[in-house]
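Dropping the structures in below, format is structure tokens.
Two complexes follow with chain A in common, the first pairing it with chain B and the second with chain C.
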Partner chain A sequence: MDKLIRMEKIHKEFVVYERLEGKWSLLKGAFIRTKKKVEALKEMSFSINRGELVGFIGPNGAGKSTTVKIMSGILNPDSGSCVIDGRIPWKNRIEHVSRIGVVFGQRSQLWWDVPVKDSFSLLKDIYNIPNSSYEERLYELLERLQIRDLLNTPARQLSLGQRMRCEIAAALLHRPQILFLDEPTIGLDAVSKLELRTFLKEENEKSGVTVFMTTHDMDDIEAVCNRVMVIGRGTLLFDGSLSDLRAHFGSQEKEDIDDVIVRMYHDLKLLT
Partner chain B sequence: MILYIQYLKAYFMSISQYKKSAILTIIGQFLTSLFSLLGINFLFSQFNSLGGFTYEEILLCYSNITFAFSLAEFFARGFDTFPYLISDGRFDRILLRPRGAILQILGATFEISRLGRLFQAILIYIWVLPRSKIVWNFFNIFVLLEIQICGFVLFVSLFILYATICFFTTQGLEIFNIFTDGSREFGKYPFAVYGDKVLKIFTYVVPVACIQYYPISYLTGKTGNMLYAFTPLFVIPYTVLVVIFWKIGVKKYTSTGS
Partner chain C sequence: MRTFIAYIKISLSNQIQYKIASYAGVIVQFCWAVMNILLYRTFYLSNNNTNMSFQQVVSYMWLQQAFYSLFATWSLDSKILNSIVSGSVCYELCRPMKLYNSWFFQNVARRIGKALPKCIPIILVSSILPGEFRLRWEIKSYEFFAFIISMCLSLVLVVSFCMLIYIIVFFIISPLGIKMILSALLDFMTGAVIPLAFFPEWMNKILAISPFTYMQNIPLQIFCGSIAGFEIIYSLFMQTIWVLIFILVGNILMQKAIKKVIVFGG
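This part shows the complex of A and B:
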């Protein structure tokens, strides 16, 4: 298989400044800061094939967003190598980001007070998408995501489900190779969730886009992903299919997947 | 450039959703800066000159600074509000787009209320230019334009410098406002009025005097030194330095993530 993403021994440390405790701590803190190093990622290695649908899970603070930030080129690691389709994300930033799409569930990339269609045409100019290609792609996405009626509405007036569909369209206008999704279904109602999952699978089949998704909703992974990676304390703890994960950590046949995850986090001592 | 115009269009489109508020803030800005104009008038009701400058010459200086500063605030608002861009994650989004960061930040937002001050500066120009006793020959018009353009560029780069400092402190340094807003307030009077030390700071550290005291002295015939007519050009290497510093800041940001 064709390796699209290759991460090798990626290491990343952050320096955090600790707040002092006790009497006069505020005053002291103005002059003395205690540094503490936090290892966000410890020698992380994995590779992803073209066209894979990968779910990335782990408790809060495990290093999920650090990994995504490194792969999307907005953070450079302390050591290790990451090559995505021949590019080093943080070295060829502009070239790299023009081939990826990123959706954050909690933050919008649309212009808040501007009708959605104008946000789209701004993105057309930002990504330098040729007219014909843009028209064709926009038409396709409008139909498939059913957002044609929302085009004249400013983003701030959209419901969360409507907005998320527009966000996905915005991230796919320039036909990226890889789509990174950070908790895309957070706060969505059941219908929107199901539609979004169906769309992602379909888009993967149609355009061959590689999907890398972080989530806390195991149903997302069950419905969309063919591979799941578990990260905890900066290391990769599990990498395989969801059924493997069940076989490994589940106790009975039809145990709820969330219970399996809770047991796994316990077994791996990820919870404090 | 086309993209920049698109950004501007998007901004005006969002402003059009809050028309009344926009108009009121423009009027508000016009009125607040009217007070500093009144201040100058009170001063000159007591004295006939200040540091050797007449009322008309001070007004020319005032409108130069107000013009350049409010234009810079209108266009470089994104840098002025940069701490928010970092803390709400919009700067990450900017890095995720295949365009230069400076262009995108300039395009991120504008500040329409500053047009109120700009309008005032233009009104003062209309009043003061014919009364200033300066012969508006070709070269003097060139110097005036040079002051305005370089002044605009200088204030934009001061805003960029302010934003760059945010990379190293994560919070905006309020103290830096001494140089941005401060240079606007102090800059209404030629810096020499405040004495030699202040003049030196505003020449070598924050070169606002280069678009103000020196060329104004030339225009008003206080000096025949041609060098004074070209000091605004010192802004160019200063801006280059600021942009280099900015790039170092972005590098630092992408290695710490904060």
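This part shows the complex of A and C:
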């Protein structure tokens, strides 16, 4: 199999400043601060094949976003190696990022005050997409994501569902090989979620894009992904298909997937 | 270059999105210039012992207000500051472009986008005003050429200076304090409050070795004719030197900032 992403023993620590506890802490805090090291990722290793649809789950603060940020070249890990399509994301950042698409569900890459189409044409020039290729791709995405009517609307006037479809289009304009999605369905209504999932699945079949998404919504995983990875306290705890996961942690045949996840988090002592 | 033009397009589009704000901006700048000119007229009526003639001051004021957005040092891009504070800067880091260049382009583009709709009406109107309130085009062709070059250098100088501030905000997160210090201090030192020609000799000597003299004072004085001949060449040279220094320091600091970048949550 063609390994597209190879992560080996990636380690990342953050320093967090804390206020002292107890009496006079507020006053003391004005002069002294205590450092605390937080291990966001501990020797994280995995590999992903070309064309896979991978779901990445874990409780809040498990290290999901950190992993995505390392793979998209934003963060430097403290140690370990990561090679994506022959490149090290944080070292060959510019070559690397021109071949990936990224969507952070809680942030926006569209210009807030201008019509969506202006943001798109800015991206066209940033990624240096040739005219003909851009027109063709834009037309395709507009049709499939049903955002043709939104093109002239400023991003600030879009609903969250509409905006997220535009964000996805923005991330795919330059035909990336890998699409990183960090909680893309957060806050979306049922219809928007379903449409988004169908689209991702289709896009993967059509263009062979590798999709790596973090989420808290198990239905996302069930509908889109053929592989699921569970992360907790910075380490990889499970890697396999969703049915494996069910077999491992489920108690009954038709148990709700969310219940399985809750049991798994408990079993693995991930919840404090 | 293509990306730069794309940024200019989107910045203009961004400005035009708020039409009333643009119109209001023109009126504010126009009134401000008139007020300033009236003020200086009173000074000149009582005492005319300065390096600049009243006509030169009038031209200085009109140009200053026309190109206000181009050179205002304190006018930091809130989009960039917010992206640092909120963490949206991670999108910027996912683009096939150096963050320094991307911010630099955005800033130059934003200033041009803001200044264009303002400077054209102000220059047109002030050029046809009656009598001593008129903007005088008494500039020689080579001086005009120097004026244009000096304008570009000033713009790049102001932006490369602002870049240092954005990068510092990267380390300290809150932009508030630094913004306040700047708006008070720099407006004064760049000649935005009073033309530097009115400053006492000793202060000008000190300012002459700082980069601030070269930010908006030079192009405006070239236009008014209060800097001429060899002094023009020297000023252009100093502007270039400061631009190079700021860009170099900015790039070094940016490298450090990016290595340290931490984007929590989401």
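The rule we apply is simple: the second predicted complex is superposed on the first by the 272 of 272 C-alpha atoms of A that agree within 3 Å, B and C clash if a C-alpha of one lies under 4 Å from a C-alpha of the other, contacts with A are read in each partner's own complex, and residues count from 1 in each chain.
We take it that a contact is a pair of C-beta atoms (placed from the backbone, for glycine too) under 8 Å apart; a residue touches a chain by one contact, two chains touch by 3 or more.
Because the structure is a prediction, the values reported are computed rather than measured.
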item: Simultaneous placement of chain C and chain B on chain A, clash or fit; value: clash
item: Touched partner set for A:Tyr127, first chain B, second chain C, both or neither; value: both
item: Which superposed partner A:Leu160 touches (first chain B, second chain C, both, neither); value: neither
item: Which of chain B and chain C A:Val38 touches, first, second, both or neither; value: neither
item: First, second, both or neither for A:Asp182, with chain B first and chain C second; value: second
item: Partner chain(s) touched by A:Gly105 [first = chain B, second = chain C, both, neither]; value: second
item: Touching partner for A:Asp118 - first (chain B), second (chain C), both, neither; value: both
item: On chain A, positions contacted by chain B and by chain C; value: 14, 69, 72-76, 93-95, 97-98, 100, 102, 104, 107, 109, 111-115, 118-119, 121-122, 125-128, 154
item: Residue ranges of chain A touching chain B (in the complex, touch as defined); value: 14-15, 66, 69, 72-76, 90, 93-95, 97-98, 100, 102, 104, 107, 109, 111-115, 118-119, 121-122, 125-128, 154
item: Contact footprint of chain C on chain A as seen in their complex; value: 14, 65, 69, 72-76, 93-95, 97-98, 100, 102, 104-109, 111-115, 118-119, 121-122, 124-128, 154, 182-183
item: Residue ranges of chain C touching chain A (in the complex, touch as defined); value: 2-3, 5-7, 9-10, 13-14, 17-18, 79, 86-88, 90-91, 93-98, 259, 261-266
item: Chain A contact footprint on chain B (complex, rising order); value: 2-3, 6-7, 9-10, 13-14, 17-18, 88-90, 92-93, 95-100, 254-258
